[in-house]
Amino acid sequence: MRGIKTLRRTFVKSALVLAAGMATMSAPLTNAAEYAEKEELKFGFIKLTDMAPLAVAYEKGYFEDEGLYVTLEAQANWKVLLDRVIDGQLDGAHMLAGQPLGATIGFGTQAHIITAFSMDLNGNGITVSNDIWEQMKPNIPKQADGKPVHPIKADALKPVIDKYKAEGKPFNMGMVFPVSTHNYELRYWLAAGGINPGYYAPHKGDSSGQISADALLSVTPPPQMPATMEAGTIYGYCVGEPWNQQAVFKGIGVPVITDYEIWKNNPEKVFGVSKEWADKYPITHKKVVKAMIRAAEWLDANNNANRPEAVKILSKPQYVGADYDVIANSMTGTFEYEKGDKREVPDFNVFFRHNATYPYYSDAIWYLSQMRRWGQIAEPKSDDWFMETAKKVYRPDIYAEAAKELIKEGKMKASDFPDFATETGFKPPQTEFIDGITYDGTKPNDYLKKFKIGLKGNDKI
Amino acid sequence: MNPLLELTDVGIEFPTPNGPFCALQNVNLKIKKGEFISLIGHSGCGKSTVLNIVAGLYQATQGGVVLGGKEVNEPGPERAVVFQNHSLLPWLTAYENVELAVKRVFKGKKSKAEMKEWIEHNLELVHMSHALHKRPDEISGGMKQRVGIARALSMEPQVLLMDEPFGALDALTRAHLQDSLMEIQKELNNTVIMITHDVDEAVLLSDRIVMMTNGPSATIGEILDVELERPRNRIQLADDPTYNKYRQQVLSFLYEKQRKPDVEAPAKKAATSESKTEKVA
Amino acid sequence: MSIALSNIAWLEPVVKIAKGENVAENAQLIIKSVGLPLAGILVFLLVWHAAASNINTSLGQFPGPADVVEQSQSLWTEHLTEREKAEAFYERQEKRNADRVANDPSYVPKIREYTGKPTYIDQIGTSLVTVLSGFLLASAIAIPFGIVIGLSANLYSAFNPVIQIFKPVSPLAWLPLVTMVVSALYVSDDPMVAKSFVTSMITVMLCCLWPTVINTAVGVASIPKDLINVSQVLRLSYLEHVRKIVLPSSIPMVFTGLRLSLGIAWMVLIAAEMLAQNPGLGKFVWDEFQNGSSDSLGRIMVAVITIGIIGFLLDRIMLMIQRRVSWDKSAALR
């Protein structure tokens, strides 16, 4: 098999060289197109539905259109994924928004990672086990049809946690990584309900994040969440899809809230590469971003018309691999809470609309603010520091270059993107948080002062 | 005529945790070319030690061995050994076992064809031509010993050392091999030192029988010249008074002068048994 | 020599029955050599089937024999589909290369390997290549090392404690160290083989080194004194001594070690692939576990059976080689 292949390739190669010779003699040179410095690339991802832009860019041939030969490889967990991007085994990866920021400021593994592409908005949920759900239910107001009123706040969970505390039992919950969106979202939701999720103290060597905690959060890789909860090690978790819907299908837990309801249209994953890589292969990087912009656009096009096809791609074993129905549940604009309680959440997965792919500085600063809030950034930092760090990691300039090229090539319209001439990288102050607190990315320290639970000002653990 | 092999004042001490152990001392022996010598004695009397010193496998701590004017201090093919347990390489055929030795000794001296002929010749001497390409596990114990002898002969040694070559064989096979050995000896007239437990074997084959005292510090007790006509025939000798006189002398050395208290009872039993060959335990 | 691979001993009685010789005895022989193993397998399948239908996991029922057959077929279909996609990939690539050459005549076209997912068959291939490389590397180190320390009682005493300490170390303990060391030392812009391959191979090597070292050393140390005397009388040089006496003499023990090593190598590899996410059957199992689709358990069961069969075949092949090269036929019967 291989032998034949090689033979055939050798033949093709000589044919091409011949063709090249003839081309020199006859064909006039057309425009000297740009070619990627590195054409064979390997990208890592974690089995989550929000890796979709990568799968679609591959399956729809967008990578190949840019002359890129990409291999996609599922990774065991976020740490392995980040380490392999840092040591160069991976050219880039589907990352938690907090990962490039955390790595760059040296929380966890220190390395300068940048991102020029935000992969999606929303897409996470918080799930609790059946047992905890039964205990929460009496505390939740009902709609006329008997179903619970959404969004469900952590206030309903507080009495349960108080009871565990009184009995001296630890209340364990899972999240996927210390700098993951899920960690911050779970913390945000718990804290909004008066539950302290605990502080980190890296300067004292404490990276467990459980100092003064009411609920003890620990790391579990996303695909293992349902199994870990089924085993009774954790009572609930915050994770991306399909692992909340999986709990419903398996009948082992109930998703109580989506992150869309915690913070409407929150930024979620990014595509991260090392700074070194990006400096070495600027054209390649731009081409990757181009392909992924097209993939994201395809995912949202015509009001999610392509989603069923996307779900089919994602359910292949090499991508997410879960059953079609499980993935379809969230990807096609609905979300099933308690079994049978399926509700419309059209924006549960947003890949392109609302400028989802643009790397906003204000998004970066929100994550940095949460790192400060929970002690991952131990020292007080100035607003300027937040700004500088965001600019070091988030690279809308590269995004703009890629987008402009797509517009020039006629593959996209200028109206698909923010107006690059005037875009500052800061979203206007956002108000749609579950606790009603307004976020203004230009004033992170003021923002931190508004929280009842969390470090602010000169607080130190 | 100068002796071919000369042992002068040979002694050996082995280090043990309780201080040195003197196994052998004051062994003096001169052997002429073409002589057939037997070493006989009780177990543990150091017969094998003497042989191993001559072979160069052990180093004497006193005195020394001179062969053809040269001192012996390492093993070598000019002192070929026939080991008690045949010591054939089990992964090689009879032919290949002999070939290994021939190639070592005659490399550059014989052509390929000559070597082949020489190997076959030696195997023929021991009547093994029919099993050239059999491996040791495919032939009987007697046949293995024959190949072992062929291997030793093929090296054209100056002295052939035989360490109880027939000890592990049954009486009938042993007799056959003894006869073969006498035939070969008649033809080649080798210088041989053979260790044996078997009084009949010693008398039948030897020109001289060297009788060893019991250890520790074993040495040569008596040397008996066996002046029987050759070729010797075991059936005729059975009734020969001279032959029986030699037997008697060896037995008397072993069981009266050098009686071992702890082996007395079984030894007596052996002496009174119907077997024609007395064996010393 | 095919006896080892497929036991064809039962063919003989079949032929004899056909000829009408000793029908009763030969029928019994056939029942023994074919019937009993078949009966064993049948009983196993029945128990498996019965047990499977009573075990319910959150991913559905435990896969029974029928699911495994179904999943094997689907894995095979996927393999074929992927091959077709690969063909299409190469065609597209050739066209793109041709276009580029037309545009930029100085460009030397390059054909890249298919970037799609490795199929189940590919994973088996990867695992086999990795395990054999690790095993060969281990053997290349272990046999000479075993010979050297086996020849010298002093060296043996010196190294024995080290060997005994490293022998029981699990691959999972080595893996992080190997991964970091390989990452640090194996740096190249265009590596000939993937880092993950090197990591798996070295882990396999470290774990399967010891049985061969120990058995070789013991085999060498226990060469009969007589054979060593023969070698001395013949004044064989050190190398000749090793080649003509030591090696052949210790071959049965060396092979005992090699077979143990290969068994360990195969087990270690699967674990290493699972943990380090290195391509191969282990990764396949882990990925399917993570996917948690309703087919996953069935596919994992296919892998379990494949792993078992390959492990068995590897051992048989070693046995066959041992029978070929070893003079001691009795040592090769287990």
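Lettered A, B and C in written order, each chain numbered from 1.
We take it that a residue touches a chain if its C-beta (ideal position, glycine included) is under 8 Å from a C-beta of that chain, and two chains touch if they have at least 3 such contacts.
Just so we're clear, the structure is a prediction, and the values are computed from it rather than from any experiment.
Shared contact partners of chain A and chain C, listed by label: none present. Seen from the C-alpha centroid of chain B, the farthest chain centroid is that of A.
Each chain gets a centre from its C-alpha atoms; the one nearest the centre of all protein C-alpha atoms is C. One finds 39 Å separating the Cα centroids of chain A and chain C. Put simply, the C-alpha centre of chain A and that of chain B have 89 angstrom between them.
One finds 52 Å separating the Cα centroids of chain B and chain C. On chain A, the positions that touch chain C within their shared complex are 5, 9, 12-13, 16-17, 19-21, 23-24, 27, 29-33, 35, 39-40, 47, 58, 61, 64, 67, 69-71, 74-76, 80, 87, 89, 223-224, 226-227, 230, 246, 250-252, 315-318, 320-323, 326. Contacts from chain B toward chain C in the complex involve residues 55-57, 74-77, 79-81, 83, 85, 87, 89-91, 100-101, 104-105, 135.
Taken together, the chain C residues at the contact with chain A in this complex read 58-59, 90, 92-94, 96-98, 100-105, 107-112, 115, 117, 183, 195-196, 277, 286-294, 296, 299. By the touch criterion stated above, chain C contacts chain B in their complex at residues 224, 226-227, 229-230, 232-236, 244-245, 248-249, 251, 327-328.
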